[in-house]
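Several structures are given next for inspection.
First chain A sits with chain B, and in the next complex the same chain sits with chain C.
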Partner chain A sequence: MNLNTQQTLLRIELDLRHKPELLVACQAVVRFLSEHRAEDLQQITFGLIGRVANLPLIETIPVAEYLSSARGRIFDRRFMLIVDEEEFEIPHEDVAEARLLNRLCHPDTGEVISNFEESLFVYFELSDIGKMLTRTFD
Partner chain B sequence: MKGLESLSLKEMQGLKAIRPDLAVIAARLLVSSYVEFVEVLYNDIDLCIKHMENDPKIRQNDAEDRLTADIIGMLAAANYDVSHDETIGGHSDIVVKHQLGYLWVGEAKIHTSYEKLNDGFNQLTTRYLRGTPNADQGGLIIYIFNSNVANVVKTWAKRLDEMRLPCYASKPCDKRKELAFYTDQKHASSGLMVKIRHLGVNLHWNPRV
Partner chain C sequence: MVWERQLTTPSAQQQKSKELILFWLNSLRLRQFSYSFRLVQAQLKAAGMPSASGWDSLFEKYQALKYSEIDCTLYLNTVIEIYKNSLISSNAAIWLYEAPVESISAISTWAQKLINKKSVFAKTFPHPVEDEELNLAPFNGEFINFETLSNGDLVFYSCAKRAFRHRESIEVDQLEVPARKALIGYDEVFGIKSGFTQAYDRVVVRIESGLMELHIDMCCPLAADDLHQIQVYYTEKFKVFLKSLTCSFLWLNQSKNLFPKITELYNAVDGQIIALGHSTSTKSIKEERMRNRRQDLRVETFHREGINAIPSTDLYSIKKGWTMSGWSHVPAVLIPGKASSAGAVGSSVRHALIEACATPEDFEFVVQKLL
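The block that comes next holds the complex of A and B.
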């Protein structure tokens, strides 16, 4: 475990000392990151967080929210559109516009995607701080 | 990425009906624009204020900074990067920063006179709030220990109307009704429009029994 990881675990403990279950889950994720290479963690899903923290999918939301918040700063949140098994990363500005107008167009064809909220998924990438927590050598 | 491994926007937006506690957190996680940031922040600030208003008795002798520290503590517990007295154009009371580069600034005053509220409003709009894109909204939080809090807010709104601020407009607040309102005006430095939410906090305590 490198110094960055130890400092991050301490910072999380200070932030979440009044939320013991969230603290344990977030620290489990940080320890997991320290055991893996950044290149193996390109798309971090709620499912992965759930397996690492031993939580049902829906209960991973507070973990992901803290780790991607301005306090956590370990994940960057991303949006992925999955249509006909094709994946498209959608910039957050486009998602904001789609939510406002209730309309999202296909990035390639320009066709309006019906019920786009069902095809738009949230996932996470490591932030610059998050990358510093990962394993750098074997 | 497998869709089954993640949560869709629809699933996250649909949490309100089944898990309102998680819906609040999901709303913060989904923030993707400055407007959404401010909207979600105001929902959270309203919860802080509701908490304070539920127990006015213990706050009767609290100073301005102590009351504001309550709000800052509750926002920090909701994972906001929030600070007091950070040097942004001086010493703002509440500074909230979002990881996407958004900034909101709040000024808080105990209501003792409308001149004091005016001082706070001027500090907020001419000193702390820079009025630049993604940093053009702020709040004036008014702790009111008087009776008839709605009347204080109404009188303050009327005084603002009479000031003839540049490009000024006001509109009511749907959520806090007569205890809050919004104003728009042209920012003197940036020349862009800025929006302020004026929030009356009911801390009156005078039980008859």
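The block that comes next holds the complex of A and C.
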């Protein structure tokens, strides 16, 4: 376990000591990261977090929220639009604008997508800090 | 009067420019299924022109624009250029034919004979015809125009009517109360939209290389049978034309076999492998695909370790892309082989699908990868 990981575990402990279940789950995720290479963790889903932290899917949301928050800084949230088996990565600012206007356009046709929230897949990537926690040697 | 003309003429010109720009943009919108809006956005931005996240908001912006404060000529020329790109480099199914010199020369000399100026599509070309006219137009393509490119190559344009059907999700919340009541109990509601769209198919004759390319415009989803039918129609049309010129036409009976290109494309280090179909020596079929077309499957751990762990695998389909400089778009080619062809003697795939090309140069770049 590298120094970055140890420091991160300590920081999480300080932040979450009043929420023991969330603390255990977040620390489990950080330990998991330290065992894998960043190139193998390019898409982190709620499903992955659930398996690593041994939590049902619904309980992974606070874990993802903390790890992608200004305090956690380990994950960056990403959005993928999935329409008719086609997938498009949508930048944060476009999603923010779409939510404000309640309108998101299909990147290829340029036409409005109805019920766009249902077609948005949320996942996470490692932030630069998150990458420093991963395994760097074989 | 002179004074009045000085005052009114620029304003009239601006009004005319506005109408023309909106007219070309509207034609461009009708190309949305075979020419991505992202490519339109990128070219507008590159020219320093306003862009938007979708067609409706783009039209709102160009309606509200102060035409007295912009370079109308630049704007109009840019929109025309993008529209032209949408005709000549749209997503297309492509067949390649190696043609004898005398046939290429005859096509080049007698190109005009192929053109049917009486076609309903010829009246409005390069713009699409009105819906009423499209409903009455033929399904079979008619060559209505051709142009000679700067390198001497010829491009023949053929327009045709194509029928489409696509499914759209219906937002129940937006419906009137009686409709909402009638749909109680349904979690999701879909509608089927059907209609006709205008295709711009192309035949490109490469004078130097002696190659003839048939491009079927993917302006709506086309099944393999539909593609085959359209390809046969055009090759028969060219056979009749060449026969009338007493030229050899038997070379049109067989297009280039692209199956061997699947392995070549996989092994060539350039670009990114976006998708791959292969049949492993451990008796499994693998259909792999990267979720991001800028990433290369060949360096993805699951694929790399899997390939290293087994003695051998036979490739049967591939999609490969190349990230271009400038707008960082990724033109790509799909060779859609079937699993039954994997590792078999005499396997063939006669066409490929080329997509996401912004310009004719992009399209030719991808075609070159198939030669």
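The criterion applied here is as follows: the second predicted complex is superposed on the first by the 138 of 138 C-alpha atoms of A that agree within 3 Å, B and C clash if a C-alpha of one lies under 4 Å from a C-alpha of the other, contacts with A are read in each partner's own complex, and residues count from 1 in each chain.
The rule is simple: a contact is a pair of C-beta atoms (placed from the backbone, for glycine too) under 8 Å apart; a residue touches a chain by one contact, two chains touch by 3 or more.
Owing to the predicted nature of the structure, the values given are computational and were not obtained by experimental measurement.
On the superposed chain A, the positions of chain B and chain C stay apart, so the two partners fit side by side. In the overlay built on the shared chain, the residue A:87 is in contact with chain B and with chain C. In the overlay built on the shared chain, the residue A:58 is in contact with chain B alone; chain C does not reach it.
Seen from the CA centre of chain A, chain B and chain C lie at an angle of 110° in the overlaid model, rounded to the nearest 10. Of the two partners, chain B and chain C, it is B that touches more residues of chain A. Contacts of A:48 after superposition on the shared chain: chain B is touched, whereas chain C is not. In the superposition on chain A, no contact is made by A:32 with either chain B or chain C.
In the superposed model, A:66 makes contact with chain B only, not with chain C. By the touch criterion defined above, A:122 lies against chain B but remains apart from chain C after alignment on the C-alpha atoms of chain A.
Within the superposed three-chain model, A:96 lies in touch with chain B and out of touch with chain C [touch as defined at top].
Applying the stated contact rule after C-alpha superposition, one finds that A:110 touches chain C and leaves chain B untouched. Superposition on the common chain A brings chain B within a closest Cα-Cα distance of 7 Å of chain C. Under the contact criterion defined above, the residues of chain A that touch both chain B in one complex and chain C in the other are 43, 80, 87, 97, 115, 118.
Note for the complex: chain A touches chain B at residues 15, 18, 43, 45-48, 57-59, 61-62, 64-66, 68-73, 76-77, 79-80, 82, 87, 92-93, 95-97, 99-100, 115-123. Chain A meets chain C in the complex at residues 37, 39-40, 42-43, 80, 87, 89, 94, 97-98, 103-112, 114-115, 118. On chain C, the positions that touch chain A within their shared complex are 29, 32-33, 36-38, 40, 53-58, 168-171, 291-292, 295, 301. Chain B makes touch with chain A in their complex at residues 1-10, 12-13, 15, 19, 22, 25-26, 28-30, 32-33, 35-36, 76-77, 79-81, 97-100.
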